[in-house]
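Presented sequentially are two complexes of subunit A, the first with subunit B as partner and the second with subunit C.
Our next item is the complex of A and B:
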């Protein structure tokens, strides 16, 4: 069938198509730019760029050769983000359930607007709060954790120094991403079909029973989506991690020890005084981060779609 | 159709001449004494949404093991009335009520009553089929048992029994682990009936259970209702006069003339449809308005 569009429709269609294509194009161009600038480093360093632990700009005369690899920064990115998610997701779910099912109407309205405000706070302030206020408390938590769970390698701390650790950075990141995850979760929970919740009550269920049987399963994919938004923010976080973590090029899986870093803060730290060759390495690192966030998002989308498909 | 009429006649005759009692109704409908013991009774029931008075002084009795149809035009408050019979009304913010709902002689609105425990005895089926989407057919049937933390050992037996009573067992016995959403609309509604039967209610409330279904499925559900009424008390809201006449033993006619809804008349279904006391009832059941 041949469909004839009016001029207005045609123009509108072109405008919206251009909008959609532009955002994809910008994304592709950023990826391409990072890859093009970094490709020389990938060629020179090979797989060692990802796995190695050495970042040396080298001396200008070539006596000390330049060597770049981001292994600890890559794992640091993932570790701090996972710590953030570990704390932020349960907290956000609890907060969202409270706001949607337990809070009195007036308190709920206030909370919703406060939460949206919190989601818009620049991460710099979270970093400053982390350094100035939270660190001392976080150190005590870390010391306690190490004292009781130190037998587990993850929580081992030989030196007894607990400041500036991935644990504390992860907690500050958690505080940073709680608002967005809570906001998205509350939104999905509020869309739970009223009649499903009613059915639970009609079957003799309590409020908690209804939440467990209907609200949580219904909102699961939405919460995963919200968590991925938060994770994206945590993975790419620059300033807060820059302020909170010592950049140390050594694999550190003892999350309570004062060593760490992530890719974004590495770039921020080194960018100002980088040699031209080092600059390429930083952009290559940026490309790795780009791929990481992209694949995390793709996995999340797949997870969400699979749960949706299994249900219908 | 003839088979169903047959069923109705049989159940009608087996109930003798038990008639709904309505002696306290403000509208002064006929008073009569029910021989059958009462499953449920309301006394002076009023409902409000905010300052809006939606139901006024409803006195109605529901004989045990019978089907009572609640009829009346849209907006007369019959669904609100139904939701007051298991305290679902109170979940709506701004909703208020007065009066008593007696179940086995005790008021379900009494302060010491645990509403959740009470609802175990009063099942409810909604207008739109709503099986829990994240659960399989089997899990849906057992959902109430899990929600209420009932200690039951014979899960398979309950699943088969409830699905059979809801008239669904033969169709789904080979795919109990399929999701509830994979069934047709009519099957989903029967699954919802099976789900409410699993916690062994003595009363089942149905809020226009067939309005979203095709005629074939409607007929299946009506048969199911007849079978259920041999053991439990059924209260069904319906917009469909033919359905009310097919499925119910007793009928209660609600009406609102702009003010709060009132109970105009309640009686045996046959009398309501052939020789009602109030002319408004006659006009409504004959389709002259509503």
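Our next item is the complex of A and C:
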């Protein structure tokens, strides 16, 4: 179909398109600028930027050469986020199912509003709460885990100090991403065709029978999308991790030990007193983080949008 | 005997029953059982090595689970699985909701006693970390946050509305791409937004400023505003557009004068949700606006305080009174977010009616 627009319409459409394309432009610019400023580091460090172990600004006179590698922080980012997902996904599914199928109708609306509000709690509060309220409890859990499961390398802790570990940071991140995963999952579950659920009951099925046979399979890809959105948040979280984790440059897979960090908290920590060359390294690190979260988010978005379309 | 009298004896009055509701007595019995279990759990926590509220919750859960298992013997496998899984899901939901409930409670209990009348109107110019809680306040941080958020809104609201209009009215070739990019953009880590503004704006102007902070916040705010605007515009009935076209309006007139005015409060909601999303962001401000201790009304003049940076800074200092102030500041910030949310909800309800 060929449409002929009037002059007014053509101007209108151009202006609107320009406005809409701004977001595209901003996203492209972010990637471009971070890459352009960090490319020197990529060139100087080569693959060691990802695989090495050190982050040293050097002595300035060249006696100790500057060496930058985000390896430990990259693994730290992934480790804390995986811990967060491990706890957050089952809890969120339980929360979403409860809100949609178990909660009394009277409090359901209140719960949904509260969930929306919870998703808007600034991450700073999770850091504050984690440090001041939760960490003593988390340390106790960590000590218990290490006491009974310490023979397993993952839970080994030689020093007996349990504060400020990837485990605790991961738990707080889990608390932080539960609202978003719960709300996406609940949304998908609520779109389950009513007649399918009812036919389960009509066949004599129980509530759990209906959930297992209809609701869970129906909502699976939505939950996956929600979990990936949560993962994206956990990967990029700065202040909560900064406040909860000792920044130590070491590949640390003993999640109960007080060592770790993630890329975002590395940037926040080193930014203040960085040399110009180190600053470039931080920008390069930012670029890696940007790519990582963007790819996770794009997959998540594709999954969620595809589910939404398939249903409607 | 009359026939009517005989009939009257046989008539059974129907009492409305609600088989899906538990009878009162059963409800009362349930409450009592749970209370007894809670007390028992407390006793177990007292006499054994299990400790703390988490220990109590665990014991309580195990008790309930045991009770459920015991009760569901002999009612068939499907039903007993249902009962047990329901208990587990309920417990999971409680654990999922516990952290933010705990955050709300801690904000109130820990933040409350740092509040006093002057808290909202004073700055931290002459207050040292060890001064009692009757000095200093968040006035300067409130002003700073307000300036930055206002600038960010002024930038993102038009862009967000244009994106929404593009996705719902213009529907050009890039519709899918724009929608996808906006959605993915909401996942840009806040610190990356800060870095971006740092390498561009601050490298260019040579100084940290509230304006730079506002730009960083805009990057984070745009996706929320654009998405909400799209959602709101989608709700406008197609008839309205058809009617305005039928009256001879061009697309631009129908969009600007018919469609947009009907969703005015919805677009306000979009702005408010965007503000709620960014008002507590710390990481980007860490790299762009930094912080200061005194009132400042010029967003272009060097570092400026903001609510999140105020809290963050006090946390770094870490003295007892500083921590108290951090909690009080957090309480104020949470109340602001809450107020924004309630307003957004009120307005959101308006358009639908």
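The criterion applied here is as follows: the second predicted complex is superposed on the first by the 278 of 312 C-alpha atoms of A that agree within 3 Å, B and C clash if a C-alpha of one lies under 4 Å from a C-alpha of the other, contacts with A are read in each partner's own complex, and residues count from 1 in each chain.
In the analysis below, a residue touches a chain if its C-beta (ideal position, glycine included) is under 8 Å from a C-beta of that chain, and two chains touch if they have at least 3 such contacts.
This one's a predicted model, so the numbers in the text were calculated from it and none came from an experiment.
In the superposition on chain A, contact of A:205 is made with both subunit B and subunit C. Contacts of A:122 after superposition on the shared chain: subunit C is touched, whereas subunit B is not. In the superposed model, more residues of subunit A are touched by C than by the other of subunit B and subunit C. By the document's definition of touching, of the two partners only subunit B reaches A:214; subunit C does not. Of the two partner chains placed by the overlay, only subunit C lies in contact with A:140; subunit B stays clear of it. In the overlay built on the shared chain, the residue A:112 is in contact with neither subunit B nor subunit C. When the two complexes are overlaid on their common chain A, residue A:182 makes contact with subunit C while staying clear of subunit B. In the superposition on chain A, A:39 contacts neither subunit B nor subunit C. Comparing the two complexes, residues 205-206, 209 of subunit A contact subunit B in one case and subunit C in the other. By the touch rule above, subunit A contacts subunit B in their complex via residues 105, 193, 195-196, 198-206, 209-210, 213-214, 217-218, 220, 310-312. Subunit B meets subunit A in the complex at residues 86, 88, 91, 93, 116-120, 122-124, 126-128, 130, 132-135, 143-144, 146-148, 179, 181-182, 192, 195-196, 199, 205.
Against subunit C, in their complex, subunit A makes its touches with residues 5-6, 8-9, 11-13, 15-24, 26-27, 29-30, 33-34, 37, 90-95, 97-99, 102-103, 113-114, 116-118, 120-129, 131-134, 137, 140-141, 175, 178-179, 182, 205-209, 229, 232-233, 235-239, 243, 264, 267-268, 271, 282-283, 286, 289-290, 293-294, 296-298, 300-302, 304-305. The part of subunit C that touches subunit A in the complex is made up of residues 51-54, 78-79, 81-82, 85-86, 88-93, 95-97, 99-100, 102-103, 106-107, 110, 158-159, 161-163, 165-167, 169-170, 172, 174, 177-193, 195-196, 199-200, 219, 222-223, 226, 250-253, 255-256, 276-277, 279-283, 286-287, 308, 311-312, 315, 323, 326-327, 330, 333-334, 337-338, 341, 345.
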